[in-house]
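Have a look at the structure below, then the notes.
Labels A, B, C and D are assigned to the chains in the order they are written; within every chain, residues are numbered from 1.
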Amino acid sequence: MKRLLIITSLFFAMTSFIQDKPKKIVFFGDSITQAGVQPKGYITQFGQMLEQKGLKDKYELVGAGIGGNKIYDLYLRLEDDVLSKKPDIVFVYVGVNDVWHKATSGTGTDPDKFERFYQALINKIKANNITLILCTPAAIGEKNDASNQQDGDLNQYSKIIRNLASKNNLALCDLRKEFQDYNSKNNPENKEKGILTTDRVHLNDLGNQFVAEKMLPLIIK
Amino acid sequence: MKRLLIITSLFFAMTSFIQDKPKKIVFFGDSITQAGVQPKGYITQFGQMLEQKGLKDKYELVGAGIGGNKIYDLYLRLEDDVLSKKPDIVFVYVGVNDVWHKATSGTGTDPDKFERFYQALINKIKANNITLILCTPAAIGEKNDASNQQDGDLNQYSKIIRNLASKNNLALCDLRKEFQDYNSKNNPENKEKGILTTDRVHLNDLGNQFVAEKMLPLIIK
Amino acid sequence: MKRLLIITSLFFAMTSFIQDKPKKIVFFGDSITQAGVQPKGYITQFGQMLEQKGLKDKYELVGAGIGGNKIYDLYLRLEDDVLSKKPDIVFVYVGVNDVWHKATSGTGTDPDKFERFYQALINKIKANNITLILCTPAAIGEKNDASNQQDGDLNQYSKIIRNLASKNNLALCDLRKEFQDYNSKNNPENKEKGILTTDRVHLNDLGNQFVAEKMLPLIIK
Amino acid sequence: MKRLLIITSLFFAMTSFIQDKPKKIVFFGDSITQAGVQPKGYITQFGQMLEQKGLKDKYELVGAGIGGNKIYDLYLRLEDDVLSKKPDIVFVYVGVNDVWHKATSGTGTDPDKFERFYQALINKIKANNITLILCTPAAIGEKNDASNQQDGDLNQYSKIIRNLASKNNLALCDLRKEFQDYNSKNNPENKEKGILTTDRVHLNDLGNQFVAEKMLPLIIK
């Protein structure tokens, strides 16, 4: 009798322990994600949204963004900056520099190699039983008439990411599409920045909020 | 009485002389125009279309295309290759290399400088009382979902050309728009070439015919 | 007798007028020349050196530099910014952006077109009986072991300029060679900036003095 | 007594087995190495040189070159194409595309990332107790007056490789230096190709022989 009691309480304790342990979410990306942990950053706002829903203790949020990173940089530091932290969920948000650096330093990423490294990254993360969510790169310029210099290329790399999500059965946060839809409605003067970004690429406060809002439903259904 | 007759016949002779002298059209551009004088080239087909309409003798067609040319190359050789030929009409068809060479050799043209050289070119041609028709650059890739690498940039440079046509009161042959419309209807597999181009940029026979068909109405109303 | 006197004094007056009229020197270039008119700029220091030699009144110095300019920009604004000012002497100091912009924006200048525009510029200036002095582009990076990214290309464009000077019988101010010689002796730590430049390209005070010192002997023998 | 005999013969058999097993050398690189296995390729000639020295059976040569490869491509396929083959010795010959692709497609490799991926590659290979030999990238253009477009950048990346060899205590095959020395003596007309390369980059027969000759002494002392 006594033994049963002990076992039962142990069971409850374990359950309780399991329930209490927050799920760890790593946001893995470039300078946009690096800025995401700032006071108005998208990771910070993501946390505040969880708090408003009373879910603050259920999740632990970790920013793992480094400025200038391309897909192969993420691949190279995956072990140290993501896997070693044993996350439950990883958002991968990359692609802007793979496209942009073609023009600004001649060091972008070929589309076929972008796909190959991204698939290799997915393989390694999935092998660790981590829930993986892929994000498309939102914008390099906010003009809504398809005349930002890198629009075609960003669309191409976004398609690669959509295909990877589909092929690997992964959730997709299609920020590229969301930004395009938003700008087509909310950028009547066809400005190249200042709607959701400060400088065509990096998020302003509203942009950070917008990204957090698009990511949240992929975590809490 | 007799005098009147003489004057009248002189008048007819002059009129006849004026009518008989064909209008000279110079096609001024890059490798696409250089290939335009080949047997199936757009200039050749343009001539055949005129012939079918019984207008062969009314026009003299001159190809002035050189591979790899950008707007400033046209500007530099304007005197020698266009003005010295005393044309009545000039089609300017340029812009692909200004965009494309950014990626293939690092030697494209900045958009502001593209506009400045184009305006300078317009000024010089207009100062010679030549009818000027501007063409937008058709395509670098024929995918119809806005995912060709240079789509955004080509759209940007096409907008510059549309604005220049509008600002300078010039006729516009909007090949960029025509190609996009055509591909959205006739490229169901979303191929990057083989619809109107052989290699994403240069025109196949149908592409040459298509361009000639779009140019013709700007000459014969 | 009286008449002779008048004529003679008129002659002296004219001579005196001719002697007094200073020679106008236009410095034609990019941002390096734009900064040349600042208090420690190379044009300002050039003027101070003239003053020290008691030649201040013999020369009028005009800066005609615009940031980001490449050879074809100079060509485009030659009439407005140089010829219209009727200079006696023109220093052309260009080439850095023609090379550098290949990497930073994909909008550098092909070497064959660099040469063609430069020759066209020379032709126009020479047709106006102006003394022309060509400068080679000094540096993009000051490492002295030939390992600055653009070293090979800068050497190539400098060779083009040397050949143009030779072919057109023009004086040459070989800043590229002078900077390389200086750095090989005065940059023991092989630093990429801080010797004659502030940022690998633009001149510090010493660099401005150095350029002025190399230009001066080409004016006063 | 009998037992001793058995043991002894076993010992000889083992020794013989060890002596007979050839050392496996993998040549790991880009298109230059991919062409290395052709009849006159550098790997083939390397094998012939071994044969002439009576060492044919001592070595097994394996080509592992893929056209267009950059350092991170090598890193990505290291396991499949090198480690899985359990080589004794690996020549790494890479760097041309990391530099060249900056200009031809905007997809070169930043120098800091080149170093990071190269170090990661070294770490993995060394962890498998494989003898590692690093090669510097020979040439993009053979002009011997430091005026090939990528000369500065190739020198920079070669310095990175030399430092990596030194820091990691690895043998170095300094092809960059060897090619520069050879061209300074054997290219009197300062041609950009045709001395050791066919097209400024890829090796002609003599170039393949030259590379084999420079590699050989690093294997047989």
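By definition in this document, contacts are C-beta pairs under 8 Å (C-beta built on N, C-alpha and C of every residue); 3 or more make two chains touch, one makes a residue touch a chain.
Which chain is which protein? Per UniProt: A, B, C, D = Lysophospholipase L1-like esterase.
The shown structure was predicted, so the numbers you read here are calculated from the model rather than taken from an experiment.
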If you take the mean of the Cα atoms for each chain, which one ends up farthest from chain B?
-> D
Which listed pair, B-C, C-D or B-D, duplicates the contacts of A-D in over half of its pairs = B-C
Which integer distance in Å separates the CA centroid of chain C from that of chain D?
-> 46
CA centroids of chain A and chain C: separation to the nearest Å works out as 51
For the pair chain A and chain B, the C-alpha centroid-to-centroid distance in angstrom is 46
Among all residues of chain D, those touching at least two other chains are 102-103, 105-106
As the complex stands, chain C meets chain A at residues 102-106
Counting only contacts in the complex, chain C reaches chain D at residues 102-103, 106, 141, 145-156, 159
In the complex, chain D residues that touch chain A | 72-73, 75-76, 101-103, 105-110, 113, 116-117, 120
